[in-house]
C-alpha cells in the first residue's frame, strides 16, 4: 500500500518537474495565478464596475449604468485637481531628471568598482517606508526646522521662510522619494552605450561637449523616457506626500481618491478617479513598451 | 577633470538623499521633546520605545505579517518561476510573465482602494489574514523575479540532466541540484518580500481592520496625531531594519556572483 | 530502493503546516473589545487599567474626525464594538441602523451622569447614547506669535496671519461657524446663504496653511502656525508642551458638542463593550480622563473629584456668561448634510 502510494507520488512529481505536458505548467502556475486573480484582478474589475454606478445619500449604491462619475471627474470643479496633479508630477519628474542624469552618468562612466555600492546606497531610502522620508522632511522644512535655523544663523534671512505645506515641499518630497525610479533606467541605458562609440567620436575630433550631446545623450534617450514614465506614473497616485507636506493648494488626485473612500463616502466617484489613474498608467506603460520594442528592433 | 566635478556633484546628491535620514537619526538622540534645538544626548526615546507595550505589539504584528506574506509569496513564486523557466515553452507564457509584474507597476493607492472595496463588498473580513494575503500579492513580483532570474542563469537545467543520466530521479535532481542552486535566490526573494510587507503602508492603511496595527501604521498615527517624541527613534528602527534586510539580501545574491557555475 | 524523501523534508513540512494554526489560535484566544475613539481623547493610563482589572484587551483605534468614523461604519468595515460620536451624528447613525440601543440596566455607573446631559434632542429617550465628554470649538493660538490675543472669529480672516492659520478639516465646524458669523440659522438651505458663506470661506483659503483636524496640534506646538480653529481640550493638552498656547471662545459665540459612547450594531464583543463603557463611567476613571484630556466631563460624580483649578478653568468648563453664547449643532436632514459636505468639498478644491 505504502509502496503504491509512493510510486504514485513519484510519478506525479516527475510529471510536474519535467513539464513536458502543458498541463503540468498550468498546475504549477495555478496557485500564483489564482492568488493574483483573487487579490488583484477581481478587486480591480470590481472597482471599475463600481465606477459606472451611481451613489446615493450617505454612501449607498444605486445600481444603474451611467457615466456621470467620469463626467464629474472631468468637469470644471475637479479638472483643476487633475491638472494640478499632472503639473506636480511633471515638475517632480523634471526635477528627478535634472538631478538624476548627472548622477547616473557618473555612476556609469566614472564609478568603476563603486558602481554596485552606489546603486545600493541609492535604493536604501526608497526601500525605507515613504512615511519615514516624509517625516524627515517635516523636521527639516518647518518654521523652526533645520533649514530655517541654518539660514537664520547664517543671517541669510531675517524671518523663517514658509516652506512646509507649500507646493515646493510637495514637489521636493516627490522628487526625493522617486529619484531612484529615474536613476536606475538612466543608468541602465548609459551602461548599454558601447564605449568605443565615444572613443570614435573623440578620435574624429569631437570635444567632450559635442560627444555628449551628439552621441551619449541621443543614445541614452530610451532610458530618459523610461525613467520619466516610471517616475511620473507613481507620482500621479501619491497622496501621502501632499497630505503631510502640502497645504490647501496641494490637493492632488491621490488625496481626492483617498477622501472619496475614507471620508466622502462616494465610492463610485472615487472608483472613476482611480480608473482615470489606471488609464494614465496604462498609457505610460504602452508608450514604454513601444519604445522598448523599437529599441530592440534597432539593435 | 569632468569626472571630478561629477564626483563632487554625486557626493552632494548623496548628501541630499541621506540628509533627512541623518537628521532623524540625530534627533532621535536629542534630549528634547521637540525637533527644534539640540539639547544634549540621550537614549531615553529608545528605552521608552522598547518599554512601550503597544509598540512591541505592533512590531510582533508586523513581523508575523511579513513572515506569512513572504512565505506565501516565496512558495507561489518558486512554483511559477520553475514552470516558466524549466518547462517546455507554451502559449501564453510571456503573458504570465507580465501578469506577475502588474502589482509592481500599479500605483499603491489603486491596490489599496480596490482591495478595500472588494473585501467590503464580498464580506471578506478585514483581519490579519486578509491583510497578510494582500501583502503576499504585493510581494509576489519580487520573489518571482528573483527566482526566475536565478533559474534562467543556471544554464537550462544541464546539471539536472547530468544527474539524471547518473541515475537520479526527477525529484532527486530537483531536490539535490535545482533547489540548492536556486537557494540564494529563493531566500533573497523571500527577504525582499519580507521587506516589502514590513515597510508597506498604503495597502495596510486602506485595508487593515481594527486592532491590526503595523509599525508603519503606528508611525502614521504618530505623525497625524502628534505629540510623541519617540517617533524619531521609531523611524530610525525602521530604517535600520530595512538596511539589515537589504544587506542580508545583498549578501545572499552577492554570493551568486562568486558561486556562479 | 533508495530513500527518496528524507526525514528532514517531512519535519520541515510538518513544522510549517503546524505554524499556521498556531498563529491563528494565538490571535483568537483572548477576550477583546474594539474601541474607536477620537485622537487625544483618553488618558494613557485608562485602557491599561481596564485590561489589568478585567483581562480584556482593548484594540484602540483613533480617528481625527466623525465623518471618517461614519464612513467606515457605513461602508460596512466591520468589527467595531464601541465608537465615540458627536451629538449631531446620532440620529443619522440610528436611522441607518449602525448602532444599537443599550440594554436596560446594563450600566451600573450611568447614575453618575449629570441629568442635564440626559433626554437630549438627539436621543430623547436615552436609549442609544451615553455621554462621554463635551467640549467647545474655538481658537487655539500662540501668545508669542499673535499681536494680541484674538477675541473674534475674524482673527482667522486677518491678512497679517497669512500662512499662519489652520482650520479644522470638516464641514461641520467650518460651515456652522460661517453661518453663525453671517447670522444665518444653522438649518438654512437658502442658496444665497450658501453662496455667501462659500465666498467668505474661499476668501480665507489663501491665508490658510493647512486644513487639518489632527496635525494642527503639532503645528501649534512647534510654532508652525499661530492661530487655529480648534477643539478646546486639544489645545489645552498641547499647552502642556508649549506654555505659550492658549484657547479662547470668540465673542461672537460658538458651538458646544457632546460626544457619546455608542454600541455598534453587530459588534462582536457586546459583553466586553458594556464592561468597557461602564468602566469609563466610573467617577474616578472618568475624572482621570478629564484631567488628562482637558475636555469637560458630563459625569457629576467625577466632577467632584477634579482639581478645583481645572473645574474653575473657563476654557474647560465655561462660566454661565460664556455658556449663553454657546449653542449645540442642529440636527439636519440628509439633503442638508449633503449640501454642507458638497459646499465644503468645493471650497477645499479651490
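The chains carry the letters A, B and C, assigned in the order they are written, with residues numbered from 1 in each.
We adopt the following convention: a residue touches a chain if its C-beta (ideal position, glycine included) is under 8 Å from a C-beta of that chain, and two chains touch if they have at least 3 such contacts.
In this text, all values refer to a predicted model and were calculated from it rather than measured experimentally.
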{"item": "Most extensive contact between chains (C-beta pair count)", "value": "A-B"}
{"item": "Chain at maximum distance from chain B, centres defined as averaged CA atoms", "value": "C"}
{"item": "CA centroid of chain A to CA centroid of chain B, Å", "value": "17"}
{"item": "Centre-of-Cα separation between chain C and chain A, whole angstrom", "value": "36"}
{"item": "Shared-contact residues (touching 2 or more other chains) in chain C", "value": "4, 75, 215, 222"}
{"item": "Residues within chain A bordering two or more other chains", "value": "10, 142, 144, 244, 261-262, 267"}
{"item": "Junction residues of chain B - those touching two or more other chains", "value": "35-36, 169, 171, 223"}
{"item": "Chain C residues touching chain A - in the complex, by the definition given at the top", "value": "4, 65, 67-68, 70-72, 74-75, 92, 96, 163, 205, 208-211, 215, 222-224, 334-335, 338, 341, 345-346, 348-350"}
{"item": "Parts of chain A lying in touch with chain C, wherever the complex brings them together", "value": "6, 10, 57-59, 77-78, 80-81, 142-144, 162, 164-165, 244, 247-249, 251, 259, 261-265, 267"}
{"item": "Complex contacts: residues of chain A adjacent to chain B", "value": "10, 13-14, 17-20, 22, 24-26, 28-29, 31-33, 35-36, 39-40, 42-44, 46-47, 50, 99, 102-103, 105-107, 109-110, 118, 120-125, 127-140, 142, 144-146, 149, 176, 179, 208, 233-234, 236-240, 244, 254, 257-258, 261-262, 267, 270-271, 274, 277-278, 281, 285"}
{"item": "Partner chain A, residues of chain B touching it in the complex", "value": "2-3, 6-7, 9-10, 13-14, 16-21, 23-24, 27, 35-37, 72, 75-77, 79-80, 82-84, 86-88, 90, 93, 96, 99-100, 102-103, 105-111, 113-119, 121, 133-134, 136-137, 140, 144, 169-171, 173-174, 195, 199-202, 206, 216, 219-220, 223, 231, 235, 238-239, 242-243, 245-246, 250"}
{"item": "Partner chain C, residues of chain B touching it in the complex", "value": "33-36, 53, 64, 68, 71, 120, 123, 125-129, 169, 171-172, 175, 209-211, 221, 223-227"}
